[in-house]
Each structure stands twice: as structure tokens, then as C-alpha cells.
Amino acid sequence: MIIVMEHSAGASQIAAVIAALEGRGYSTHLSAGEERTVIGVIGDGRPIDGRQFEALEGVEKVMPVLRPFKLASREMQPQNTVVALNGVKVGGPQVVLIAGPCSVESRSQLLETAHAVKEAGASALRGGAFKPRTSPYSFQGMGEAGLELLAEARAATGLPIVSEAMSPEQVPLVARYADVVQIGARSMQNFALLRAAGLSGRPVLLKRGMMATIEEWLMAAEYVLAQGNPRLMLCERGIRTFEHYTRNTTDINAIPVVKHLSHLPVLLDPSHSTGRWTYVTAVARAGVAAGADGLMVEVHPRPDEALSDGGQSLTPERFARLVTQVRALAEAVGRRVPEAK
Amino acid sequence: MIIVMEHSAGASQIAAVIAALEGRGYSTHLSAGEERTVIGVIGDGRPIDGRQFEALEGVEKVMPVLRPFKLASREMQPQNTVVALNGVKVGGPQVVLIAGPCSVESRSQLLETAHAVKEAGASALRGGAFKPRTSPYSFQGMGEAGLELLAEARAATGLPIVSEAMSPEQVPLVARYADVVQIGARSMQNFALLRAAGLSGRPVLLKRGMMATIEEWLMAAEYVLAQGNPRLMLCERGIRTFEHYTRNTTDINAIPVVKHLSHLPVLLDPSHSTGRWTYVTAVARAGVAAGADGLMVEVHPRPDEALSDGGQSLTPERFARLVTQVRALAEAVGRRVPEAK
Amino acid sequence: MIIVMEHSAGASQIAAVIAALEGRGYSTHLSAGEERTVIGVIGDGRPIDGRQFEALEGVEKVMPVLRPFKLASREMQPQNTVVALNGVKVGGPQVVLIAGPCSVESRSQLLETAHAVKEAGASALRGGAFKPRTSPYSFQGMGEAGLELLAEARAATGLPIVSEAMSPEQVPLVARYADVVQIGARSMQNFALLRAAGLSGRPVLLKRGMMATIEEWLMAAEYVLAQGNPRLMLCERGIRTFEHYTRNTTDINAIPVVKHLSHLPVLLDPSHSTGRWTYVTAVARAGVAAGADGLMVEVHPRPDEALSDGGQSLTPERFARLVTQVRALAEAVGRRVPEAK
Amino acid sequence: MIIVMEHSAGASQIAAVIAALEGRGYSTHLSAGEERTVIGVIGDGRPIDGRQFEALEGVEKVMPVLRPFKLASREMQPQNTVVALNGVKVGGPQVVLIAGPCSVESRSQLLETAHAVKEAGASALRGGAFKPRTSPYSFQGMGEAGLELLAEARAATGLPIVSEAMSPEQVPLVARYADVVQIGARSMQNFALLRAAGLSGRPVLLKRGMMATIEEWLMAAEYVLAQGNPRLMLCERGIRTFEHYTRNTTDINAIPVVKHLSHLPVLLDPSHSTGRWTYVTAVARAGVAAGADGLMVEVHPRPDEALSDGGQSLTPERFARLVTQVRALAEAVGRRVPEAK
């Protein structure tokens, strides 16, 4: 950590800062420049959360040196984490496709979709039984009945299931039926939920919050990893910006940044990150080209009848075309979309 | 709801959209202009969530006409909601000051602060027993022991207590000790928590998410109100923008906007909305001038020793100066800060 | 245009709005719903700028129906605009690479770079002679001497030249030496400059402002096109968001959105859109996968000695690797990077 | 400047960075911690623009220590700059009101407004003769004829004139008629224009760009000051965020931040910063409470007939009420709105 003193800071203020630091067991190194006095702070190798020193008189700013995430960082683990999902490996050479409806709405809707996405080349089925909705008056999901349908779809197709838990109490229930517990964007900093997911015994898929920095996202990952659960996948789903021709802005930079900083697999959800089906396929291609380990795509047999997210859902036919294109792209970057079994 | 068709949309596409709408029981009104065909959609008076119609061929965009919040809106209730807090009324002519430490850290820290803020003019004491922290390695709060200290501080000073619950299970516990259940910014769309708070039997203070639009904030309020709990206060605490000289950007516009759209009281938290104690008092003044019904301010006897948010905490002396200034401001806008008892 | 009246708007307010509209020659259509009265406004087919009607009592909001750009829109011209650049065509099946240093710094720096990027596969040379710099104390470019060096580099390599003009007076000078006049991100709404570029007789490359919406970008294009200059290329270069691990956020969504809305070619500048050389190649790949018609990449023989943007510049060796990867990607999406001649 | 090396950086990479720094004449100080090696870089007291060192292998990040602005900083000049405007002083104890129409539209419109705002208490008249418009099809201003009308309004009322120049060539013309040359938000980084304004011989009012950080804004100020023109006023006018219930987000934090960092006067434009007349008065009050040295407010006799910005313009009656409220607020913070003469 580096503390920069104000230009006008006097000797007694500097001494008080040093005393406060040393009182907490830190070593300090003083560098008195012409324009600013700078205090280097050396701890025990762990990141220091030092914002409170901005409360001391004469302190201009506190600059961290270390990144705050540890377990999620490539420094801690240089080789990629690979999460096995019923014979498919996420984080290795394969590019994995997870597809399915936003919400489980009915048996026929789900089974029709599950068969279609499997045939097109998906390796896992997504579907929400508990839905976080902005409005209390919107459809909130089928709950456990939806999970039962997901289990039935797995039995029918062999596809592993990804489904969201919205609160710590729901985690055991979701983990009983689903193969992967998803943490949604709105829950990325629901710390009790992160802990519960870490203890679920299931792989976890952690979506980035729509206004979370990459650093905060990796810190959320840290909550899961700190429970001893290493089977964690990240998923970029677009961030909120001033641009309103699309629902969110796909932060495509985040793909190589996360691959650089972390050993965790990272997927892209082009459905949420664009918010409009017209743009989903182009952005799916971009994700794979940028190095994503997989895609998570919303598919619905009749999007205009969907109870949620219809505007961004692909029909099964459009999804099949997406798979064809993504397959070619994956090969161009030396990877492979697994064949439909 | 208004549906705008693309310039190139053909008659069969238009007919299909109308059929889809009428199949759901909506009436439609077609307006075929030179450049665009526009379909007006009339429902039963409730907002229509119609994004899924963007999935239909030829649809360019779907524009809502009605705002989605109902119980929180001034249309539903023209007169201001006033929430009573141990004899102080939030949402009426008074400007209410809530102050205290970010976290409850120890008995002496809390009691010292409680007496100081009361003397300075605060009407309620804030203090966190459960703390949402970006890092799993940071101090996470004292838990129930912290709530017990808050109850002791109330007994000693008479100040009502505001404290945060982070998950549905914590709500009954917090509600047992505290007078107001706070929902933090990171939890603004934790819908299970919102429902639990709505059922807590306590007044609720709902902070705006750092990434939430005003509309989403009022929709979160709707979740609380829909449980039959009308004692709800809103609190602006800054939004996330590209500007990084301050920790957040105070959305001062939100104060008059919320007062215009809603009957609910709205407070400002200048500590989080600036993130730096140096700027807290100026922005506190601005909040009162803009029409806020109160302020929530972080105060710590020794900010540089705080276990959280030290950089934005005022000392008791600085808080006392803030109160003096805010008192003058309140009178200039025809309101009043209650006298310390 | 649609005008939504407030719930509380009375008959006289509605009548006043209609009178104001009809007084300006618009036809109106009134739709009195249970919750809101909505007034449809029909003009002569051109977009109506109607925000001033929000000044009338009882008006809740004004919603435009038409998009404001015309010449830039696909409705006006369904087929792609193709801009010829010394035998290379931008906007057709080829994916065009423009590369070179941020600033022209010296004869040797420029010629070394020009030969290297040509050999690697670039179709055009970029280089700034006039540099917009945040600080008045930073290097501001070599001016006309830089343009002379660019002309020399063209003579030596055959590569057409792209160079920026920062003010209307500079346009004729830049147009005398360069093959393409670039409008930089900070100048995207320098309307006098846009008009001058439109009159320059040269193709124009218009970068998106770092906080410009796609709509504003296309309106800036409209200024150029309205001068009768159809040879216009757009270039996405990243937008400003809250994320600070990268200098900007690449708005990859903008590529398919612009291709959908407009007939103009669109390029991606992954150097500015990431701000860090480490991430340039991955995002360049993503751009081509998303459908960009070309890339503009900063290359410097010794980035750490660059007078501007060194941190995001590729060495010639890294650029050559980028070209190899992008070439494979282009083929996977059915396009082609032209061979080095 | 501080350079943080990657965890994995080897001795030869560190040596190469030090060699590069010392080759440019900087002194370095090496601090080899357990987790990171940190290199302190000491220059000649001026800010170092060191981003190009991120191009060197093994460099994780470059952190500036000094702020890049000098002439605009309080370190350079501790006491407030006061700009005299026909007997009114901006930056001293007075709170100065500048009011008038967005655009000069006609003689009667301007004179009616000028007399009204003078009577209400304004100290200067604003009005645009050259208008930056997003659309080339919108009204672009009356040009010199508008400036002549402004001069006539000054003669009639005694109010000094504030008017915008959009390009360097317009500066002498605007400076001939107006008392203050305004640089608009879209031109904040039009560096040729900033230089021309610095040489105009007139006080300059520099609006913050809607996408500009406070640091960039002060660097734009630096361009003006570096021409030897100290009569510079800043004006916050709202920044662009994700919130769309208002046209912009008033960055009220910027008022105390700029007063802290700089000696320059800072005004607030609540018309643009809210974009809706309904909210202008509340935010104007907030600006004065936060410490703004003045306000710039759009006033139009018939806002719904305005050729630009009607939705955010106050009628003269509403402006008069704003002045009454602001006057009370100013007194509550120990300042004074000058009486109408």
C-alpha cells in the first residue's frame, strides 16, 4: 500500500500517519519528494485494506499495491481450473454451450427445448425455477415443481442442469436437483448466498453483477472458493452503461482480463449481454473469439410467449445456426465445440 | 404500451403482432404512418411487461406507457407517507438526522458515539451488526452481540436504532433489537429479503443500489409495500459512474425525482455517496436543500481506527458542525431539524 | 412521436397540448386510457424533435417513434456502403487492417513501422500528426512535418494513409497529404469539423466518442453525409464505464447494432478500446467475429519509448501474430484479410 | 510515479524497467516486497506521464502520484480566483445568477427574457448564437445576428453577456460582442478552441464535458490558463450515467471536490444537469448549498415554443421563484445573491 500525503502536509501529520501505521504492525518507508511525501507500507504479504487512513489529516490518497483476491488469482494457481460437467470439461480446450429457457414454464416447453438444444449441440441445459424479477407482479418461477421438470429433462436427454438459487435456504433444494448452482447477477454480492453455494457440494456458476467491477466479481468468487469449493465457473453477462440501444453492454474485454488474472473458467451469456435476439449470435461468436470457455444462451420454442426474457431468446432453429457458426469460430482459435451425442 | 414496427415490416408481420396481442386479451389500435406503423396496446390499466413482443418479426421496439410501480406512486397515494420513529416523524416538516458508526465494533465505541451524536442533534442511531463486505477476509460484523450493544445504546440515550439485515433469516433477529430494519445497497434486489422485511413488523429503510435506476428502486419498494408494510423510507447513497475522485456519485437529482413520483420519505447518505469525509458536510447540505427528508451519516470517534468505512466517517466534532449547518439550511427551506432532547 | 400525459392531467391541459401541436402543423390522435391519455403525433415523415412539449403542464413524457438519422440508415440505403482505399474495399467481404503508430515521432520510427505493418498484412497506415492530448504539457504532434513523413511512408510502401484532423482549418492540410481524414473520439461532436471533413473530398473515418450513444454517433455521421460525402467509415474505440481494469470498455454490441441500423462500414480499434497491449489481440479477434469490416491497431517498434499510447501499442512482432490469428477468424466467418502485396 | 511489477517478474525484467527509467533521467527507488516489487520513480517535480512503461515486460501497473494539473490547482494558488463581471464578482462571497434562453431566437424573445431575468435578480444574461446540435437538421443558432441582439440586450439592461463559441474562428467574433466566452460541454476537449479562448482577452466559462472526469476538466482549464488568461470560471452541467429519468446526473460532489482541488470559481447549471424544468429549482438550491459560486439557468418566455431545450427552461415567473429560494439558501451558507439593480 502507498499513502500519498498532501502537498501541504506538515511533519507532524506525516509522523502521525507513520505512528498509526506502525501501531498496526506495518513497516513503512518514507520518500520525501519535492512535491509530495509518499509512504510505502509493507505488511505481511496480504492485501491491506487501508482506506481508513484517508481519515487522517494530511492524507491525499491511499493506493493499494496488491490485488485483493488470492484464491481466484493466477498467482496462487497458474494452471487453469477445469470443471467437469457430466463428461464435458469447462476450462479446457472445449468450448461448452449451455442453453435453455430463461424460466421453466411447463413440461412441454422445457422438454421440447431440452431435446432441441441437445440436438443442436448444447452440453448442458439451463432453466430457472426461482426467478429474480424487478417487479413483484411478474412471474416468479415455478419453484420446486420447476426443478422436478429439470430433473425429468435431464433424465430424458442426459444433459446436466444449471439452475439458479436466489437465497441461502434455496441452495440445498437447487443442489438436490441441479448439477450446477447458478448465482445470478443481482445476487453477486449476496454474501450469505455465496457462502451457501460454496458449501453446496455442487459446481457453481457465478454471473457478474451488472455494475460490478472485475475486481468485485473475483472477490465474490473468493467467497465461494474460501468455503473449499474449487469447482467454480464465471459468466460475463453484460454491464450497465449509458448505451440504451442494447439492454446491457457486453464487456468483451472482461474475457481476456479474467483469463489473465484468474485460473477460473469464464463463460459469456450473449442473451443478457445484448438483450435482443437479433444481436445474440454475433456476440456469441465474439465471445468465443475472445477466449471464452463457453456460452450460456437463452432458447425458447416460442419467444413471444415466454414469461420472461422473450425478447432476447433464440428459437431452436436460430440456436442451431448459432452453434454452426460458433463451431467454426472455435476451430479457428484452436478449440472445439463438443459434438452432440 | 406502444409497439413500433420496423419500416420494412409487412402486412403479415403486423397482423401477426396484432394477433399475438389480442390472443392475450389486449385491445389494439393501429396507426399506419408514412414511416412507421405504430400499434397502441390497451390493457386493463395495469402496466404491461411486453418485452417479449420484441421477439416477433418486424418489431422495432416496445415502449411502455405506464410506470411499473403502483403502491409506491403518488398516483396511488397523493399525500406524503410519514413514518414515526420514537416521536420523530420522517416525511413531514422535520429533517431527521440518523448517525452512528458504520459497524458496531465495541461497547465503548458505540456508547461514546451514541451519546455524541445525540448531543449534536441526531434523532436516531445507526450501526451495523451484520456487514456486507466485498472481501471475505474483512471484518464481517459482530452479529447478535452487536445488536445487543445497540439495544444498550438505545436504553442509554433514548435514540431509536437503525440496523441492517443481510438475509431473510436475519430479519427477525434484527427486528427484535432494532427499531428500523435497513436493507443495504447491495441487497436492494434481494427479493426474498425485501419480502421478509415487509413482514418484519418494523419500519424499513431501503437504500438505493449503486447500480439501480430510480425505477428499479421504486420497484424494490413495491416488494416491501406489497407485503402490507407501509412504513418504508428510501435512502439515496450514491451511484456508480466513471468519476473516480469520489467513491460514488451522489445522484442529487434523485431527491426531487422521487419526491415527485412517490409519496415515500427519501433520505440522503452523504457518507457513502461521496466516500470521503472531506466532502460529506457539503453534500449533506445539498441533500437538505434539494428536499431530502433526512440524512444518514457515518460517525466514528476515531475514524482511522474504524474497521470499515473510516475514510468517510466524521468525528463527533465534525458531525456537530454538520448539524449546525444543516439546521440553518433546513430553516431556509421552511423545515426544521428537531432539537436534541 | 407519442406524448404521454400525467395521470392527473385535466381536459384543459390535454386541449392545450393538442392546440400547441396542431399550431405547428402536426396531426394528432388522442387515446384516452384508464390510466393515461396518450397523444399520437403525426408529422411529415421526418423525425420530430419534441422535447419542448415537456414544458407544457400535464405532460409526463415525450417518446420519439422515428430514429433521428436518415442518410446513415439502412432504410435510406439497404445495401452496404463500400469505401475504396487504394484497391482495398472497406465494407465488402474483406476485413481491412489499418495499423501504425499513435503519433508520428520521427522518420525512422514511421518508416520502420510502415514497412513492418505492410509486411504483416496491413492495408493502410495510420499515424497522427496532430494529437489531441488531455494535458497541454504532453507532446502535441509533429504537425505538417509529420504529414510529410506520412506521405514519404506511402511513397515507400504503397500504403494509403489515415491521419487525424482536429479542427476545421486543419482539414485541407490533412486532406492534402492523407488518403483518409480521421475524426477522433474527442471530436465526434465537433460539428464544424464534421462539416469540414464532409467537404474535404476524402474518405472520412469517424471514431465514436467515448461517451457517445450509438444514436449520437450516427447523427455525427449524418453531419458528414449531409455535405454530400458518402465515403464514410465508422470506428468503435471503446466507451467509458465504471470498469477500470481496462482503459475503456469495448462495446462489442455496437458492431452488430451499427451493421443492423446503418449501411456504413464499421471498424474496431482494439488498442484504444482496451488500453493495454496484453488484451489487444483477443479483442481484435472478437471484433472480426462480431462482424467488423476492419481493425485499426496501434503499432510501435519500441512501445515504451512512444510519445503517446505506448501502453496499448503492439510491437511489429505482436502485430504479425495478431494478423495471423485474425486471418483465420475472418475465414471462419466467411471473409478474408487481403494478402500483403 | 509508482511502478508495480507483476508477481512473476524476474530480475532481468526489473532491471530493464529501471534502465528504461534512468535512461530518461528519472531516479528510482526499489522496494522488493514479499508479493510485489515496487519501483518509486522520482522526476523533477512535474507529473510524469508514464503509461508507456506498461509496455515493458513484467509491469503490472503504473500509478501516478502527482495530479496532472498545475496552474488550476490550489497548491499553485491557495486563494480563490475572483472573476469580475461588470461589478459582480464570481468566486467571492456573492452567489451569481446567470440566466437567459438556450438560443437567441428573436429580438422580442431575447429582450423580454433579458428584462425579466434582470428584474428577478440575475447578474448576467446567457444566450447562444452558435448552437451545437446533435442533429444537422436542428436549428443551429442565429450566428452574428444573435450576437448583435445580445449586445442590444446588454445595452438595454446593463447585464453582461455570456455566449458560446464552438470553433477557434468564432472566438474573436464572440469576444467582440460578449463579455464572457463560453466553452460548451461537447467542446471541453476541443483543444484548439481552448487555446483560442485563452487568447481571447475575455473571461472564459468552461463547462464540464458530459463524459469528462473532474481531472480532465481541470486539465482543460489548464489549456486556457496556460495561455495566460486567469479569468476562468468552471461550470458543472451534469454527467452521463445509466439513470434515464433525468437527462443527465448532476454531479453535486464535483462542487466541493473542485473547490478543494482548485482555486477557480465553479458554477452549476441545473437546467442541463436535470434536463427537466420540474427539477431545476431543487437542484439549483442544492448547488448553492454545496458551495457553488453561482448558477447558470435557462429561462424562456414560452418554453414550449423554444427552438432548443424547451423542456428544461423555466418561465420568467418560475425563475423569479427560484431566485427567492436561492437567496434564502445563500444566506444560510453565509453568502449573498446580489440585489437586482
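Think of it as A, B, C and D in the order they're written, each chain with its own count starting at 1.
Methods note: contacts are C-beta pairs under 8 Å (C-beta built on N, C-alpha and C of every residue); 3 or more make two chains touch, one makes a residue touch a chain.
No experiment lies behind these values; they were computed from the predicted model shown.
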Chains touching both subunit B and subunit C, listed by label: A, D
Most widely separated chain from subunit D, with each centre as the mean of CA atoms: A
Separation of mean Cα positions, subunit B and subunit A [Å, integer]: 26
Whole-Å gap separating subunit B and subunit D, where each centre is the average of the chain's CA atoms: 30
Interchain centroid distance [CA atoms averaged], subunit A/subunit D, Å: 38
Junction residues of subunit C - those touching two or more other chains: 211, 240-242, 244
Residues of subunit A touching subunit C in the complex: 211, 213-215, 239, 241-246, 249-257, 260-261, 273-274, 278-279, 282-283, 285-291, 325, 328-329, 331-333
Residues of subunit A that touch subunit D when the two form their complex: 2, 4, 7-8, 29, 31, 33-36, 38, 40, 42, 44-45, 63, 65-66, 75, 211, 240-242, 244
Residues of subunit B that touch subunit A when the two form their complex: 20, 46-47, 49, 51-56, 62, 68, 132-138, 166-169, 186-187, 189-193, 210-211, 216, 219, 222-223, 226, 240, 276-277, 303-306, 309-311, 313
